[in-house]
Every structure is written in C-alpha cells, then in structure tokens.
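Alright, structures below, take your time with them.
Both complexes below contain chain A, partnered by chain B and then by chain C.
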Partner chain A sequence: MQKATDMQTMDAKSSTVIEWFTSAIGRLIISLIVPGITFLVLWQGFIFLRESDAPKVVIAVVAIIWGVGGIAILYVVSNWLIEQMPAHWTRRLQPFVFIGPAMAILAWYLAIHTFRTLWISFYNRDGTELVWLQNYATIFTDRLMLETFRNNLLWILFGATFSVVFGLLIAVLADRSRFETFAKSLIFLPMAISMVGAGVIWNFIYEVKGVADPQIGLLNAIWVGLGGQPQAWTALLQPWNNLFLIVIVVWLQTGFAMVLFSAAIKGIPGEMIEAARVDGATEIQIFFRIMIPYIMGTIITVSTTVVIFTLKIFDVIMVMTGGQFGTHVIATQFYRQYFTNRNFGLGSAFAIILLLAVIPVMIYNLKQFSEREAF
Partner chain B sequence: MSGVSYKNMTKAWGDVIGVNNLNLEVPDKEFLVLVGPSGCGKSTALRCLAGLEEITQGEIIIGDRVVNDVPPKDRDIAMVFQSYALYPHMTVYDNMAFGLKLRKTPKTEIDKRVQEAARLLGITPLLDRKPKQMSGGQRQRVALGRAIVRDPAVFLLDEPLSNLDAKLRVQTRAEISKLHQRLETTFIYVTHDQVEALTMADRIAVMKDGVLQQVDSPQNLYDHPDNVFVAGFIGSPSMNFFSGTITGTTDEMYVDSGSVRLRVSQSEVEQLGRDSIGKEVIFGVRPEDIHHPQYQPAGVTEQLLESTVDVTELMGNEIFVYLQTGEQNYIARVDPRADLRPGDKVQMAFNIEKIHIFDRTTEKSLATPSSN
Partner chain C sequence: MSEKTGSAKRKKLVSDILVNGALLILVLMWTIPTIGLLVSSFRTRFDISTSGWWSVFPHREWVKVTERELGDDLDRDGVMEIEGVTGTFKEFRDGIETSDGKRITWIGNKRLGRIEIQENKWTMRTDFTTENYGQVLAGKEFEIRQADGSVKIEQGDNFWGAILNSITVTIPATLIPILIAAFAAYGFAWMRFPGRRVFFIIVVALLVVPLQIALVPILRDYTKLDLNGTFLAVWLAHTGFGLPLATYLMFNYISGLPRDILESAFIDGASHFTIFTRLILPLSVPALASFAIFQFLWTWNDYLVALVFIGAKPDVQVLTMRLAEIVGSRGSDWHLLTAGAFISMVLPLVVFFSLQRFFVRGLLAGSVKG
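Now for the complex of A and B:
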C-alpha cells in the first residue's frame, strides 16, 4: 500500500517536472529574445545620439527620452526576467534588480576612488615611489599640519556646539513667542545663502581700513566708534581669529538646527508637559528632564549632521582667508597640498584622514537611526 | 485631604466661553464625576482646578485656600491624563518617583511609597519597564500610580479610561472605585460616558455648553432630572421624548402629543398645578418604563398604546424594541421572552407613574415621578 502511493507521487512528480521543463524552455527562449530586443533598441538610440546630424533640440529630446526611458525599460525588463524564474528565486533576486544599479553607481563613483586615494596616499608627491606611512607621519608631526587639526577641533568644539545650542534655544523660545513664524524665518534665512556668498557678506563686516580712513566694515565701525583701533579680525589673535570664521558658519547652520528642533518640540505631547508641571517641575526642569530626553533622537541627528558638516568645512575659509593666518583646516589643507602644491601623496593622506574622522560619526548616526526605528 | 469649591468661576478665551459661572462644592473624600458631551467645559473646569488654565473670573478653593494664583505644583493635587502622559524615557519606577524626586523627598521614602503604590496597583513586576513596553491597561495603572505616590489632597482624572478597550474599561472602573474607598481622598473625575458616571460617582455634575446643569447623586439624577438635557443624557438608551400639550380636566389630566396621549398620575398633577391645562410641554418616558403587555411587572399603572415594531435588538437579558405609533418613534426595553418581529402590531404598556414632564420653552422639569 505504502509503495503504491510512493509510485503514484513519483509519477506525478516526473510529469510535472517534464511540464515545468518544457515551459522552462519556452521561458528561456522568450527570456533571451526580450532582453535582446531591448538591447537593440537602446543600442540604436545610442548610435543615433552619437552620429546623428539632426538639430540639437531633437538630439536633446531623444537623449532625454532615451536616457530616462532606457533606464525605465532596463528596470522593467530585468524585473520581468526575474519574475519568470521559480518563485523562491524571484524572491531572492528581486531586491538586487532595484538596489543593484544604485550599488554599482556608488561603487563606480565612490568606493573605487576611495581605495585609489588610499593607495596614492602611500606614495610620494608624484606617485613614483612607495613611501608607506611617510605622508601620515608628516601630517602628524609637522607644526603647520598639526595646526590644521587644532583648527578642526576648534571648529567642532565651537562651530558645532554653538549651532546646536543656539538652534535648540531659539526653537524653544520661538515656540512660546507670538512672533514665532517671523523670528524663525529670520533665523532660517541665512540657510538660503551659499557659503561663498556668506563669506563675501562677512568679509564686509570684518573689513579693515587704515586708521585715518573711515571704517566701512561693520565690526570695525562699531569698534572704532567705541574708541578702539581698527583691527584685522580674521588675521589677528591666532588661534582665536578662527572664531570669527566659525561665527559665519554658526550663523548659517543655526537655522537648520532650529527648524529640525522646532519640529521635534512641536511633537512633544502637551499632556506630558502638563503632567510634569502638576508633578512639580519648574520650566527649566521640564526642559532638561522631559523635553531634552524626549527629542534626544533629533538632537543626535542634528548634532552628527552638523559635526560632519563642520569637519568638512572648506568654502568659508577659502573665501575669507584662504587658509592664511593659521586658519587652515583638513579640507583646505587637502586642497592646497593636492592642487596647489601638487603633492598628491600628502593631499590624499589628508583626504583619507578626513574620511576616517567622519566615519565614526556616520556609524553612530546610522546606529541611532536603526535604533530609533525600532521603537 | 480637602474639599474643593468653584465660586462663580468663568473661563473664557476672548469671546469663547469654556466654563460659564460655575458654582460647585465638592466635600472632602467625595467622588465627584463631571460628565457631559464633548466641548461642554468639563475638562476645562478640571484643568482650571489643576492650574493648567488660568481662570477668567471667580475663585477656586482647595481646602480653605484660594488657589487662583497658585501654580499647579503647589496646589496639592495629582492628575491622571487621558493619554496617560507617561515620560517615555523613564522606567515605571522613575515615572512614579519623578514628582517626589523634584520635591526632594528622601530616597528611602520615595522607594517605600513607590513600592507601596505598585503593590496596590499590581504593577510591581513592571517597575523596570519603559512605557513603550507596556499595554494600555498597564500604562493606565502607572499613570494612576504616579498620582497615588504623591499622596495629594485631590485626585483629578481626565477621561482616564477612554483609551482602554471595553472589557478593560469595566474592570478598571471598579478598581478606581475601590482605590477611592481605600485612599479616602477627594476624586474629581471627568468623563463623557454616563455609564462611568453612574457607576462610580458619589455625586454627578452634568455640564452642557459650559453651564452646570445639575448636581446630584446618580440615583436622583436618573430619577429626577432637572431638565430635558440631563434626562436625555443620563440613561442608555436615552429617554423617549414627545412634544405636546397638557389637556383634559383638573381631575383627568393628559399629556398629549397627538399620537401619544398619556394620563398624568395624581402625584404629578399636584406637581404641575391645576392651572396648567393647555401648557406646552415635552414629556419623556424611559425605555424601561414601556413594557410588553404580557411581560409587565406587577403593580404598574399602565396605559396601552398600539404601536408597530420597526427593529428589534436582542441584548440577551432584554430586547431593545424600536417602535412607531402614529408619527412618533420610541424605544422600549422589554422582556427577552417577548416574541416581537418587525412589522408586528403590539399594544405597548406605558407606565404612567413614570412620566417626566418638562416646560417646552425653558426645558426645565415641571413634574417628575415620585421615587418609590
């Protein structure tokens, strides 16, 4: 009895296998033809774009259709191909159809160059001699290079901290103000200005003229008006002249921090604050013991974003001082070594150090993201 | 331990009046329920008492102290919110201890009180959890616990059961009543649910549009509503109302809406007065005072009224019957043995001892059934 049923299931199995096989051949042929046609169409488009003498407008339109449509067709066809496979293969392969291209592009434009930069950083200035960690040794011993790191620390310590603290303060205070929208718009406005634009604006503010001339710089006008001597703010008092540059970025970034904090604060349940009030908390205690912990996720996100941004700071310094007067940071040093001094080895080493400095912050940020999502 | 009183209290935001000239005395240790439809000002009244809203006029007194300008933390109150309002970043223990910590209570004392409250509410195993790891019912207990540890003079509860499912709500209702008996403190409880009000309250205060309608014990409120609103709000399904006039003679007075004409009992005739014939009234009969002719309790002075069955709803222990007589629709709660089907014609028995009569213009009560 047992045997008979076994035989039956065997029979059933073999017949379905044959069926699957025949249809699989059919599928296989179609699966080859469809991508073939797709490839042909795309290739023809490419030939047309390369060799056509058609008017430029027509070529532009065809290029847009070919580019956007081509990508869409590629997605549709490869997705269709995968769906022709057995269900469990479809399930396994389908994600790659959609993230595959993004991964490939990222690898091509980002990852390869990272490794290439790392490789170059082990060579001498024109890439002819392998010097291993020589460039790194230079960076970590040379006085001027160490100054660069000190400046970056100043930037993080003051730039990032003040942006976050001011952003939070303004968000909290504006939330209770009748002029909330107006105040917030005003603070947010600098976000619309480019770094270079901001540099130009602040250059005027810090402008210095001779003792005999009228001061056109706002800060010196005030300073002289109060009875002081005109000062070259961004050149004097090293290393504190860095703070005059940092102010600019704080001015730019506070708005960004404020907007995110403001949204987070508006999400705090009113009843919870009232409960704390009934529980006996003062407004300050509510702020530190209820509100801050509640919006900790946002604070972490904003802080890490601002820290990464500050680590990479470049434009403002380039516009204001070009790195003179002891204001170089990693990014400007990298630029100077790589493009001005054409010391590719040293420049690459700077780029790698900047990358290494950012990575832990990124990892922390990503970890926070996934943890927050969990609750 | 102290009572609470509102004296001519008004709360307005510009032209919008939240609570209008509220006068209410809550004696020490009473369980008072503020009830009314949403937007009636009951929550506002409670929030004013908590100090979360500033009052516009009048006085609020807790114990023997006017607290108009006293901040919430110094009012010796504790509040339980509808959303529980637990601090999500703190454990249950810390949630409960927060208020005590702020008051610089010694650590051993805090621990003692938190443990005691946790035992009372059966949440000792949850003390290390965060609010996100708990169910709605558990969070609700923690919110209660947070109020209990403070040992306040007055407990304020703002719709604390609204976010619970039906079964849990019934269970927690009983537990809150038990808690009140054990703590022997003044409870002021806001709800829109008249069942909660009837089951828990020592006294119920019914509000509508910012105005206090009636304050009384649940039974009195049910038996002798002061006006049409209270009569309709308390009781489920609500009272049937008919708009009509008083007809007949001084010896044989009727309330008459055209399709429904009911004899007024002698005791109510006396309440109405002899000169009320022709008066325009609204009269009401509660669904449980309308019976199926075959299943009516003994001793009921009934009057039969031919009606047609529209819909029946079996509740198990009773049937809600939606009926029509002439142009009038009404509901009756009848014995489950009554075999009624839609379309059936039936002589429904109205208990004429139980008619509530109100003035049609003022909607104030003119006569209510004698309670026996």
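Now for the complex of A and C:
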C-alpha cells in the first residue's frame, strides 16, 4: 500500500516534471540552454582554430566550414526550438528568430557603439577625465586639424564633381557608340581594384627619379619630355598635391557613376528625344533641357553616394602619403590620433564628426523610405 | 533631295568619329595605368628601375654596337679626338653624333671610363620574366639567379600565405551576412510582428553610418574577449558593417516576390522556415548573387577593417595589408610592388568580369549606401 502511494507520488512527480518541461517556462529555459550548448560547441571550435598549428590550407578550409556552417546551425536550432512551443508562441516568437540575429549584430556593431564613441569623445586622451567639448574645440581651432577639413572639402569639391561629370560624359558618349559594352567594361574595371592596389598603380605613375636618370613614372616622363623638371607630385605644391590623390579616386569611382547614369539614360523615352530633334533642337540643347532634367533623380542619388564615399576616404591616402605633406583627411586623422598618438578622445571626436557629416543623407533616406507606401 | 541625305550622312559620320574618338581617349586614360602595372610586373628588376614600361613597345633608341677601352695617353681635361670626332669630356659624356649617324658616348667616370659606339635603332625591351611573381609569392626564402650565374637568397614576401588568409576572411565574410540578411529580409517582408517598422527604420538609418564610428569600441570589446587577430573577429566585423545594405537589398527583392506563391505554400501547411529555405532562397538567387559580388569585392579589397582588427598578427595578415606593408617599407622595389599589386587584383577581376551582369544589377538596386 505504502509502495503504491510512493509509486503514485513518483508518477505524479515525473508527470509534473514532464509537464514542467512542456510548460511555457520550461520551454523557455530549454530554448535558452540548447542554443547555449550549441554556442559553446561552436566556441570550442573557435578556440581550436585559434590555437591549432595545422597547415594553413587545412585551417582555412575548416574555418570557412565552421564559420558558415555554424551560423546556419544556429538558425536551424533556434527555429526548431521555437517550433516546439505552443502554436501561438511560435507565431509570436518566430519573427524574432528571423530578424533577431541581424538586429543583434546591427545593434552591437553599429547602433550602440555610436553612443559609446560619442561618450569616449567627451573624455581626455586616455579616458581618465571628462573634458566635454574640449576635443571638438581642439579640432576646430588647431591649424593642422583645420587643414584636415580643407582637404576633405577639396576631396568633395573635386573628387565628387569630377566623378559625376566624367561618369555622365562617358555614359552619354557610350550610349551613342557601337563599342558601348566594351568601353563601359574598361571604365568600370577599376571598381574591382582595391584602393591599396590603386595606390600602387598611381604611385608608379607619379614616381620621380633624379634629373640625370631616365624617368620611369609616366607623368614625369611626359613632363620631362615636354621640357619640365621632374616633380614629386604628391609631396610638393601643397595643397594642390591633394589633387593628384583625388585623381585616383575619380579613376576608381567614375565607373560606378557611369553605370547608374547609363541605366537612367536608357530609361529616357526615345520618342521624347526624337520629337525634340524634329523641332530642331541641337544635341547640346537636348542634353541640357531633356536628358539632365529627366535623370535628375539619379544624379542626386549618385552625387550623394559619391560624396559619402569621398568623405570616408582612407586607404588611398594611407598608401600614397600616409597623411604627410598636408594630405590628412578626417578618416586618416581618426586613425592617426587613435592608433598612432593613442589619443582616444580626439580620435573618437573625429569619428563623430564623420557621422555628423552624413546625417543629412540619413535623414533624406529615412524621408524617402517613409514616403514609400509599400511598407 | 539626295544632296540633303548626303550631307546628313556626312554629319552622322563626323559625329560618329567625334563620339568614338572621345570615348577612345577616355578609355585609354582609364586603362593605361593598369596596363602599365601589368607590363611592369613582368619586367626584370633592372629594366624597371632604369627605363619606363613603355619601352617594351617599339621605339627608337641609341643602342650599343661596340665598346672599347681608352688609352692613358688621352688629355682628359682638354679636347680629345676619339673615333674621328673631337670634343671635351663633358660633350662626350652627353654623346656626340658622327656624320654617319652613329653616336660616341663616354660611359663611366673620367679616369677609368670607356667609349661606346651607339646606333639609333628601332628596338623593344622585351626581356620578360616571372621571377618577380616567384619572389612575391614565396614563403620564406627565394633564390634569385644573378646575371653572373651565382645564386642569391632573398626573403620572399609570403603572398601565398596572405592569399589564403584573404580567402579565409572573404568567403565567410561574404556568406554570413547574406544568410543573416536573407533571414531578416524574409522576416521584414512576410511576417507581422510588433516593432517591425521601427526595426526596419533602424536598418535604413544605419545604411550610411561610417564604420569608423564603431571601430574603437569594438576593438575594446574584442580585446576583452581576446578576439583580436582572429578570423572570427574580422568575419563578424564585416558582417556588421555589410548587414544594413544586405538587409535592405534583400528586403527590396524578397518583398517584391509574388504573394500568391507564399499563400499557396501556407495553405499546404508549410512553416515559415520551410518556405524560406525551400522557396524564397532559391527564388532570390539573383539578389543573393548581386550582393555576394558586392560584399566579396568589398571584403577582399578592404584595408581599414583588417588593419584595425588583425594588425598585430603577421600570420593572419590579408593581401591588402601585405601589399601596403611593402609600399611602406620598400616603396621603390617596383618589381615586387607591381607583381604584388597584380596578384591582389587577379581574383576580384575574374569575379568581376564573369559576374559583371549581377554586379551592375546590385549597384542599381543598392545605390543608397554610403
């Protein structure tokens, strides 16, 4: 009798345990534990990769499989867990399985750190003393810092303008040529080249040798051939040496502008241009009165993208001059202050200024987005 | 009437020549820098440092025919007569042309110099080599055969290792954000949940945020987690920085897919996960490919993120870092720089040319990103 009641209580206990497991809280805890274990296993894999002395090729292959597979497994596991839950919980939580990882990464990599950087920028060089706006005061009064802004202005003024103008010019010319695809591919090609690689290419063009030696840099060879003295293009004639760096970025991003303009020009109805021609408009009139207004939207998009890109320019300057000879811009100053001078406050202040500069574009994007009915 | 069409034809021909001529000039301006690099990377170390790469094309140049030593009996400070021409040392050093089209040039210094008799000929400097590539790719030591037959050992630049590192960084840094973004885009496009609009507005706002803003705090977190100098650190960083654009592009595409496909799948009892993996992913291949090319080029060519997060560890360095390092330390070793730069360009160029169509499509859809 006693035994039977024992059995019964046991039964009752185990059934409550099972019940507990299937209850909402139990499910919640399991759904925390299983991803936890999965994460732990993946983390062990990571430690193995970091510490292993296996041949490089093996490590590379394992790392690729581990990295991509690991992320996929995390999704499968968390989705499986959610689907074990009661239907209305599944319905409620599943969206967060889908968007959760993305939002978490975005929060950790971009959103939260914006505020942390802002906070660091109010501190002194090693973060021990709160100095509020003093770093910003330094940036806006120091002569060397002001030079940085002047350079950024030059970059935007010349870099962005020439990219857009050349892009438009090439798009219009290519549209009327039989060699359109061929020409566009070649102009577009630098888009695939890294800025470091482009730096090497153009350093070679600007290379300077002594007066007596043959010039191996193309620009100096032409210059000397025309009767000039060999010049160190990227070092002398400040601030105009910046232009020789800007040329590189124009070379890189004109292809981008061209592709977008080309697509926009193809969208102009042929009858519109035909009608203008019949009415006796010249080609130049057609270009300015019909084409430009028609593709204005694209021109604005391309211009903002190109401006943001030039604003953030970093690699080219690092490789070409390292910021010497008065060529620093905001992004290189940020790197120099933070990593070379170890002035964390000032470095962060530069990053914040970079952010402030793109805020108008951000607002514009958001406005465009909220005007869209589709969402 | 016929005269009129004739003049119209002529006008069309003129404008054709103008358009194609202008286009040709622009295309040449855009391609010559790359051609110069490619040609130079195959020239010998000596050739690169003594003559421009364009001398591989046919050109007229003074070429040595014979040379001879000079006797001690010459009055080197006064006017000398050599090979039938007269002149001072300075004039000979610059070269004196003879009446039969030859040139007499003094090579070397005043006391021990010799004389070269040169002819102006059409020549090409086509002494090509692949040794530069060998040295740049080599791991530790690399043997260089000197002109006199002896062998010199030089330190290689270990680009092979850097290529492997670049691949290890690039492939997951391309695939991980695509996977995460595709899930998120599906969630935004086909699921209803509280905060959906707010979350998506955050994505749109983050599209233009410069990554510099986050580098510093992330570096601090990585230091605490002991992640610096690992592949995972770089993958996640590239994922974070590429994710806004990836999500935005994928959302635009996935939300445009026809609604009835999904509805009929739902009626058949398929779950969101099944619909996503079996239906949406295969349908989204064009959008996935567009972004993949984007992200691949971006991570392969990236310098800043790699510099910040793996800068301290030489054995995980990617290609762009190795190349930038040679620029900094041996900026005039053009035989290595040109070969190295070209190695770093090969894979992106192959990807670019084989998948250009997708890339352009991605550009057109994603031109809002900064």
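In the analysis below, the second predicted complex is superposed on the first by the 260 of 375 C-alpha atoms of A that agree within 3 Å, B and C clash if a C-alpha of one lies under 4 Å from a C-alpha of the other, contacts with A are read in each partner's own complex, and residues count from 1 in each chain.
Throughout what follows, a residue touches a chain if its C-beta (ideal position, glycine included) is under 8 Å from a C-beta of that chain, and two chains touch if they have at least 3 such contacts.
Every value quoted in this text rests on a predicted model; they were computed, and no experiment measured them.
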| task | Using the touch definition from the top, say if A:117 reaches chain B (first), chain C (second), both or neither. | result | second
| query | Which of the two partners, first being chain B and second being chain C, lies in contact with A:195: first, second, both, or neither? | reply | second
| request: Report for A:281: first if it touches chain B alone, second if chain C alone, otherwise both or neither. | output: first
| message | Residues of chain A touched by chain B versus by chain C: which partner has the larger set? | response | C
| task | Look at A:44 in the shared chain and tell me whether it touches chain B only, chain C only, both, or neither; answer first, second, both or neither. | result | neither
| message | Touch test for A:71: chain B only (first), chain C only (second), both, or neither? | response | second
| query | Between chain B (first) and chain C (second), which does A:238 come into contact with in this model arrangement: first, second, both, or neither? | reply | neither
| task | Pick one for A:294: touches chain B only (first), chain C only (second), both, or neither. | result | first
| request: Pick one for A:340: touches chain B only (first), chain C only (second), both, or neither. | output: neither
| Residues on chain A lying within both footprints (that of chain B and that of chain C) | 375
| said: Which stretch or stretches of chain B touch chain A in the complex? | reply: 50-52, 71-73, 77-79, 81-83, 85-89, 98-99, 102-103, 132, 146, 150
| Within the complex, which stretch of chain C touches chain A? | 15, 19-20, 22-23, 26-27, 30-34, 36-37, 40, 48-54, 161, 164-165, 167-168, 171-172, 175-176, 179-181, 183-184, 186-188, 191-193, 196-197, 199-218, 230-232, 235-237, 239-241, 243-244, 247, 255, 271-273, 276, 297, 300-304, 308, 320, 323-324, 327-328, 331-332, 334, 337-338, 340-341, 344-345, 348-349, 351-353, 356, 360, 363-364, 367-370
| field | Residues of chain A touching chain B in the complex | value | 269, 271-272, 274-281, 285, 289-290, 293-294, 296, 375
| query | Of all residues in chain A, which touch chain C in the complex? | reply | 46, 49-50, 56-57, 59-60, 63-64, 67-68, 71-72, 75, 79, 83, 92, 94-99, 101-103, 105-106, 108-114, 116-117, 120, 166, 169-170, 173-174, 176-179, 183, 185-197, 199-205, 207, 213-218, 221, 251, 254, 256, 259-260, 263, 283, 301-302, 304-305, 308-309, 311-312, 314-315, 318-319, 322, 331, 334-335, 338-339, 344, 347-348, 350-352, 354-355, 358, 361-362, 365-366, 369-370, 374-375
